[in-house]
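We just call them A, B, C and D in the order they show up, numbering each chain from 1.
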Amino acid sequence: MIIQEKMKVVRQTEIAEHIFELTLAGKLVGEISSPGQFVHVRVSETQEPLLRRPISIASIDKTLSQMTIIYRAEGRGTKLLSSKLAEETVNVLGPLGNGFPVKETSEGETAVLIGGGIGVPPLYELSKQLKAKGVKCIHVLGFQTDAVCFYEEEFNRLGDTYVVTVDGSRGTQGFVTDVMAGLETDFATYYSCGPMPMLKAVQNAYSDKKGFLSFEQRMGCGIGACFACVCHTTNNTEHDYVKVCSDGPVFPAGVVSI
Amino acid sequence: MIIQEKMKVVRQTEIAEHIFELTLAGKLVGEISSPGQFVHVRVSETQEPLLRRPISIASIDKTLSQMTIIYRAEGRGTKLLSSKLAEETVNVLGPLGNGFPVKETSEGETAVLIGGGIGVPPLYELSKQLKAKGVKCIHVLGFQTDAVCFYEEEFNRLGDTYVVTVDGSRGTQGFVTDVMAGLETDFATYYSCGPMPMLKAVQNAYSDKKGFLSFEQRMGCGIGACFACVCHTTNNTEHDYVKVCSDGPVFPAGVVSI
Amino acid sequence: MSRLSVKLPGLELKNPIMPASGCFGFGKEYANFYDLSKLGAIMIKATTLETRFGNPTPRVAETASGMLNAIGLQNPGLQSVMENELPWLETFDVPIIANVAGTETADYVEVAKTISTAPNVQALELNISCPNVKCGGITFGTDPVQARDLTAAVKKVSNVPVYVKLSPNVTDIKEIAKAVEEGGADGLTMINTLIGMRLDHKTGRPIIANGTGGLSGPAVKPVAIRMVYEVSQTVGIPIIGMGGIADTDDVIDFLSAGASAVAVGTANFVDPFVCPNIIEELPAKLDDLGIGQLSELIGRSHRL
Amino acid sequence: MSRLSVKLPGLELKNPIMPASGCFGFGKEYANFYDLSKLGAIMIKATTLETRFGNPTPRVAETASGMLNAIGLQNPGLQSVMENELPWLETFDVPIIANVAGTETADYVEVAKTISTAPNVQALELNISCPNVKCGGITFGTDPVQARDLTAAVKKVSNVPVYVKLSPNVTDIKEIAKAVEEGGADGLTMINTLIGMRLDHKTGRPIIANGTGGLSGPAVKPVAIRMVYEVSQTVGIPIIGMGGIADTDDVIDFLSAGASAVAVGTANFVDPFVCPNIIEELPAKLDDLGIGQLSELIGRSHRL
């Protein structure tokens, strides 16, 4: 069930340049059903900034009723969010959307998880759940530059992790596809989240594989009512569409026209 | 000199129902030249609420570089201000306007200070300065009801203090003028701050005395540039006016048309 | 009769609060949050004759205390609304106001004719003010003659009272209001969105793929209040007011300005519970104001 | 030539930033905060033939991310402006744009004729868009023929180039813009305020004594940007853009939309240092954008 809750800030840390890790506590956590779901966050109680910000859930701890989100404080709203201190509350609507299907990879199989920039966070909870189930995870994480890399160690603990930076300041130089080219190919599934060009490149590179992609769109309501976040599907009828917020954000590869 | 400064919150306390006492520290305090000056306070760094709020300076401590303001958290802006905690900062523009002239009462003389509701705060610093100079102060403080009374004890320490409440729940029942009628009449000066009807009644009651009244108007700039806060003067030329923010807020009795 | 109830042409509202068209879909999503029967009415998403995909994305952009949208009237089309959306809404005890859109008079007439026969549609809202479609929409809303004629054409075929939704993007909204009253409108709804634009600071290009979008939210409330105030003193038909409503005080303001009921749009995105919360708070607010029946507030700003 | 400089009819601006008329008085108050010579120009408070007291108070009211004002053109009158205000401003190295207002053509003409002879007045801003005065003002700004004729009449007598300030309260601002261009305007300034109203929640009465007021501040920026975008592609004369500018990004947006320079109004009340702060930040912002000369930004949104 989707709920709206003033969640309590447990802690907030800047884990890389302008990248914040925010842990929130509340009963909303009990409602999260799959990795890759997101929350819609009100960054201020004032009417400016007005709209909620969609942020993926990066990890959950159901026993503590805590979840962590990781975001880049870039625009007005996320900058305000980054000033929240422990004990303050944040108005959160969620969990929203449909996440990555963990069940699509079986115990003993291998999954490749490919993330780009602020698309990396939801893959962390996904990897934890896949690993817990006995799936071998390989992570390919692309960033702009060393200063904005995060969670390399955390992912390392869960499986082989390749970091790629555009400027070569950490890991391999280039794009995620450059590393993907050298990976073993006998994996069962891939999961990916990141900017559109990356998703496109990944989908093309693995056109013969079962894959799941998480999309972004500017949102109004976040729950399927306003038609802000639609994408055309590959179904070539002009009127066929999906909503990223409520049908997605994760779709099987090939569904969304990219 | 008027400065704009992010002042640090030293402490904030609710001293009566919805009445907050906020102590701020900063070098702006060094610029304050008379009791009854005010500051223009930004209640949030967001663009809503947009405008600054004018609030009188209630007391100053130049050695600590601290000042206290007392305000009623009633509308959107003042409610937000009341949520500021120690160590946070508040963007303040000030000191603004011309306050009460302490020099208009000489050592050994008596002054009557009449305040109504949130017009009471600036009289506190005024009384402190008058007393320090050797002036005997009599205070008449009007409030709606007991729950919103504040600073009775503080004023008591500085001189005789009469509290009046509309509903009689504390002190005399009625309006400040009811108490004023019974006061000794051989005082030199009166100083008053409060709602317009009160100022009018006070000015009428003491028409033969030297007095100073502090006015309120809705403000834009607070510094004299926007012409929001004008009042007609008693000079009967249609175009004669004063600006409450920069010519006032304190005027000698009889200047402003009320 | 409850103190919150309002009687308008075709509508017996339990309370004056309804979600605005386009901000509530066809109700399904909000039904997960609360019982839709609590609402005074529901203004459903604009319905056109044919299925519409609408404009390319991005379709929304935030602005100071507001937002721009250029959805472009995406909707499943008349047939699907009649077969799927409206019957589902019948499970709730709530009147539906069907927002009718089109490109030319014939479309409007056809949609109005059919949709006004649905058992739960108790009024139409004629959308002559959508700024986000190339033809139709707002062109009807900025020319008094076209506005009057379209209203008359739709009135002729509609089974239920017709409210006309006015655009604020005009020099004199009173003129358009009088024209649609002349055309036979039973009521007005106002305001639709103001035309606006936001650019990307980096590229300098419009953020909304369509270029311009419609501005809504608290930012536009002063314009909406002014227009409701003016129009309510100019026409004899009732107004459903909207534009920036986010809380109970805003509702009081619109009623005071001269609206008989109100719609809440953008605020649903900020707080999905905004409508039921306002409905719950209203009685205490009336008590504070010393008002018995909500209707006493209507047009209070005009008096004295 | 510095990378921030802008050349416009009658004006050689060191930078594109100037305070907007009515939000900066005649400069005296802000001179306590910084050296006025830093500014690109100053648009002084509207000047009328006679002294004016303006409207009764309250004259301002806050709204979401904006404010309403109904000052009503209070000013000391032409003679006093010529004798006291303008000479004092001569002590600064900054061009003055004189905002000219009136009730009928003859007033405008007389004020324009005289004020345009002041040595530091390098352009006029013809205020045909003030929503806060009963006659004159906005009526000239909503009718293309009147707007054109007034512009022509003022042009005939003015010693300096004439910019016309447009009202956003119109169905088609392009039409008015074309009309004043035809009338001989050398440039446009836009936008003036949107007409709005705020009610007191308790009493239901308008807070502004005048009833309605002019809406300004960040709330209106999307409307202003849209209008600058449209008009700049319709006329051949330059635009000084304004409406909601509060920071350097906002300036970039207005230039991208098609303005050649900008004015900052309401934001001066929020932060008296807003103009010099923006001027200081601009070069770094251009660097971020990889732009050499500020002028390269102008109208960037139209390209591609």
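Operating definition for what follows: a residue touches a chain if its C-beta (ideal position, glycine included) is under 8 Å from a C-beta of that chain, and two chains touch if they have at least 3 such contacts.
Since we're looking at a predicted model, the values are computed, not measured.
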- Ignoring chain D, what connected groups of chains are left? one piece
- Message: Contact counts by the stated rule: is the higher one at A-C or B-C?
- Response: A-C
- Message: Quick check for the class: compute each chain's Cα centroid; which one is farthest from the centroid of chain D?
- Response: A
- Item | Chain centre separation in whole Å, for chain D relative to chain B (CA means) | 36
- Task: Would you mind pulling out the distance in Å between where the CA atoms of chain B average out and where those of chain C do?
- Result: 46
- Message: Roughly how far is chain C from chain D, centre to centre by C-alpha average, rounded to an integer in Å?
- Response: 34
- Task: Mark out which residues of chain C touch at least two other chains, giving numbers and ranges.
- Result: 63-66, 217-218
- Going through chain A residue by residue, note those that touch at least 2 other chains and give them in order. 47-49
- Query: Looking at which chains touch which, would you call it a line, ring, star, complete or other?
  - Reply: complete
- Message: Which residues of chain C touch chain A once you look at their complex with the stated criterion?
- Response: 22-25, 28-30, 32-33, 45, 51-54, 57-67, 69, 71, 74, 207, 217-218, 246, 266, 268-273
- Task: Quick one: which bits of chain A touch chain B in the complex? Just the residue numbers, please.
- Result: 44, 46-49, 80
- Item | chain D partner contacts - residues on chain B that touch it in the complex | 1-2, 4, 42, 47-52, 77, 93, 217-232, 238-239, 241, 246
- Item | chain D - residues contacting chain A, complex | 64-65, 218
- For the complex, which residues does chain B have touching chain C? 47-48
